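Accompanying notes for the structure given below.
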Amino acid sequence: MPSGTSSDVIRFLKGALAILRRLIDGIALLLLAYMAGAILMQIIGRYFFNYSIAWSEETATFAQVWLTLLGAGIAMRYNQHVGVDVLIRKAPLPVQRLCNAAGLGLGVWFLAVVVVGSLSMVSIGMIVKSPALRIPMAWPYMALPVGFGYFLIEFAITFAPKILRPETDKTEVPA
Amino acid sequence: MIVAGGGFLLLLVSGVPIVLALGIAALVAIELTTTVPLSIVAQRVYGGISSFTLMAIPFFVASGLLMEAGGIARRFVNLASALVGWITGSLYLVAIVTGTGLAAISGSGSADTAAISAVMTPEMRKRRYDIDLASAVIAASGSLASIIPPSIVMIVIAITSNQSIGAMFLGGIVPGLLVVAGLMSGCWLHARQDAAVQQDREDFSFDKLVKAFIAALPGMLVPVVIIGGIIGGIFTATEAACVALFTTLIVTMGIYRELKPSDLPRICLKAISLSATVLIIIATASVFTWFIATQGLPALLRDWLTGLTDSPFVFLLIVNILLLIVGMFMESISAVLILLPILQPIAQSYGIDPVQFGVITALNLSIGLITPPYGICLYVAATVAGRRIEQVSRKVWLPLICMLVALMLVTFVPAVSLWLPSVLM
Amino acid sequence: ADYVFKAAHTNAAGEVQDMGLQKMKELLEAKTDGAATIEIYAGGQLGDEQQTVEGVMMGTVDIAMTSNAMLSNYVEDYKVFDLPFLFPSIPALGEKVDANWELMESDANEAGFELLAVFSSGIRHLMTAEPVNSIADLEGMKIRTMQNPVHVSAFRAYNANPTPMSYSELYGAMQSGVVDGAEGASTGYDGMKFYEVAPNFALVGWLNMTAPITMQKGKFDALPADIQTALLESGAEAATWQRQYVVDQEEPLLASFREKGVNITTPDTAPFIEASKPLYASELTTDGQKKLFEALTN
């Protein structure tokens, strides 16, 4: 039963994607909460205890890097990335298909280059320690392959269907 | 260079998200013209976002969204109609005043535009206002968010030109109010010619004003915390943004009680993804600017511009035209990141104050939010009102002229942007 | 030129470090008859300090000039140069560096770098809203420092409240009182117009700051021997010239500060030095660091 197996695979993939998305949402929320908490601590420390916490700024910045890179994938999921498609939507269907296919290919290429290129940063980051907390820089650098990898998945899921059915393409209003 | 620029423009109109268009164009150009390892892309992306100062952006976005979900727009509309509802063409003016209030809370305009349009267009339709003109005015009211602090574009401008965010914020207040005054007088003059709305006004009631003011008061805490905290030397800009977020939580959940804890994850996720779209553009634009810098383009452009004129006024005029054209097609943050590193040093060599130049840039790009073909506020206003962007575009000339007048004042009278920072800081 | 080296740094064009690099470029071109040259990217055009160092490691930048405070995250033995009151003057620093060049070079080599030169970033003093006449005046003051653990510990040892923050926020932070002052060199005090908001300048000279110039060792080793020699020689000669240039700049700058109404004080440095001593033991943890410290201070 090839059709039965392939639908099983699709169901499994859909389930895995749903779990991945929930996990990423949860992590992103924790990161935002951590950033806000760390900066609040820094202010309280400076005014009420006359003591500056050197690592609060550093860890909050690391959290921001993770938050941005995971958030970029989340935004891709909801089609929130700004793009100009007024002109392309007026083009003939074959042109639209061609543009969307080229866009998909180039986009995947760019995201893949970032993922691969960031691996050499991660390996440098194993040796180098952060200025304040002295933790390996690999921790923040790891956000690059993970975040862009997730971005790539969401980008492919959003963009691939546009090759077949460009006319259904409707950019959501980021409100 | 031409490869990067041309490729970017082509990708830009083909519907690829700007963040990827920037990255792809830079990547192609680097591949074709240099021998630098491609890991430069990952390295620049990280460097673009690993900034403590930029953290103000997610905080401001989150607090703006929470405020809007917590019912602040409705309260501001009530206050605005109590304030200016007795004037001819009242609903235009109410939209503008509401936009001003929301601008003081949020850092970017599209959410404000959507909120104003959602609350006001039904009433405007009922009272036979020209919905296309109304949408254009609402779009302009929403675009105020980029000039009146807090402003995300101004944060990026301040970081790019190495200026204090506080000074940049203060520099935007008077120009922002000038735009408000311009929009209000433009709409008032127009409403006097329009038979359908020239009689549209309500009687002024002091009682109503006081009630509306008290209802809106807690929401006004947020701008007080931001501006007061920065001027008073209590916080840096990032810290002020963080405190604004906690203030917002207290106001919306504790005082207004319109938000439940269970609403928070949804709104915060939206804030995360919206601020990520801004920050990730900063990240990939820094790949692009790296390429431009290594190709010596800034020096070329500087030589060309300085050869063209000795007059700072002529230079500023050229910059305004350039930025207005760019703003027609491009999103503000990427425009700042690509152009400001080139233009700012030239401006400084003409003796133009960096804060003034930053405010000019911000005002140009907030005009870009309402100019077709790509103007995010115009797009949002049209969509929420159920009109096509072409229809609304035909009426954009009125707010556009008002904003251009304000732009000329900011450009040629330095005191407009520099007086307030010099007095308060 | 057959060899074009992209050199990146974050100082403004025309600052003392940039002047040194321009000198090095001139010398290199002269020594190689134009076969090799340096393309200077000033003002962080190619990235911040961390990216500049990592750019050298990954091959996206050829030559990096960064603060020692950043480089010492990668060449850990150079932590020694982050310590306060190590050398009494810039010429004394130059002497020690030149005398221990081989040891420093091998420390850099171990971390994968080739050391081309050690420039001076000036001697760092205190700029404050309220005058500092003695170490006691510093008590409780919020002083902006770099994001470097040794610098933070040092100011804690002087009983101040060290507050690391971004350099671009510093002017506004001093103006509005988020911090009471900052530590920095006279060139920065002048260039960023900090005297407008912190009109007191205390000549403590707590840190003799260096700007090492590095290349990736693999890339350097792959060059022909004559280019290698020319790079090292022009680096050494430029460093000698640059350190003297920094010294020559200092007096006229101080005079211009006085003209602008800056209150220049000279607190007794002995208590500062005394308070710094425990750091020499606590901050130097590895054998390599201790060895370099011994060599430089004997």
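Think of it as A, B and C in the order they're written, each chain with its own count starting at 1.
The definition used in the following text is that a contact is a pair of C-beta atoms (placed from the backbone, for glycine too) under 8 Å apart; a residue touches a chain by one contact, two chains touch by 3 or more.
Just so we're on the same page, UniProt names per chain: A = TRAP transporter small permease protein; B = TRAP transporter large permease protein.
In this text, all values refer to a predicted model and were calculated from it rather than measured experimentally.
Peer 1: Could you classify the connectivity of these chains, where an edge means two chains touch, as line, ring, star, complete or other?
Peer 2: Graph shape here is complete: every pair of chains touches.
Peer 1: Looking at mean CA positions, which chain is nearest the middle of everything shown?
Peer 2: B
Peer 1: Report, in whole Å, the distance between the mean C-alpha point of subunit A and the mean C-alpha point of subunit B.
Peer 2: The answer is 24 Å.
Peer 1: Round to the nearest whole Å and give the separation of the Cα centres of subunit B and subunit C.
Peer 2: Using C-alpha averages as centres, the distance is 39 Å.
Peer 1: How far is the middle of subunit A from the middle of subunit C, if each middle is the mean of its Cα atoms, in Å?
Peer 2: 37
Peer 1: What are the residue numbers in subunit C that touch two or more other chains?
Peer 2: Correct list: 54, 58, 165.
Peer 1: Can you list every residue of subunit A that touches 2 or more other chains, as numbers and ranges?
Peer 2: 57, 120-121
Peer 1: Which positions in subunit B touch two or more other chains at once?
Peer 2: 37, 39-40, 43, 46, 51-52, 234-235
Peer 1: Once bound in the complex, which stretches of subunit C touch subunit A?
Peer 2: Answer in residue numbers: 54, 57-58, 73-74, 140, 142, 147-149, 152, 161-165.
Peer 1: Inside the complex, what are the residues of subunit A that reach subunit C?
Peer 2: Counting only subunit A, the residues touching subunit C are 46, 50-52, 54, 57-58, 120-121, 124, 127-129, 131-132, 134.
Peer 1: Okay, in this complex, where on subunit B does subunit C touch?
Peer 2: Of all residues in subunit B, those touching subunit C are 36-37, 39-40, 43-44, 46-47, 51-53, 158-159, 162-167, 230-237, 286, 290, 293-294, 341, 425.
Peer 1: In their complex, what parts of subunit C are in touch with subunit B?
Peer 2: Spelled out, the residues of subunit C in touch with subunit B are 6, 41, 45-48, 50-51, 54-55, 58-60, 165-166, 168-169, 171-173, 175-178.
Peer 1: Once bound in the complex, which stretches of subunit A touch subunit B?
Peer 2: 25, 28-29, 32, 35-36, 39-40, 42-43, 47, 57, 60-62, 64-65, 67-72, 74-78, 80-89, 99-100, 102-103, 106-107, 109-111, 113-118, 120-121, 140-141, 144, 155, 169, 171, 173-175
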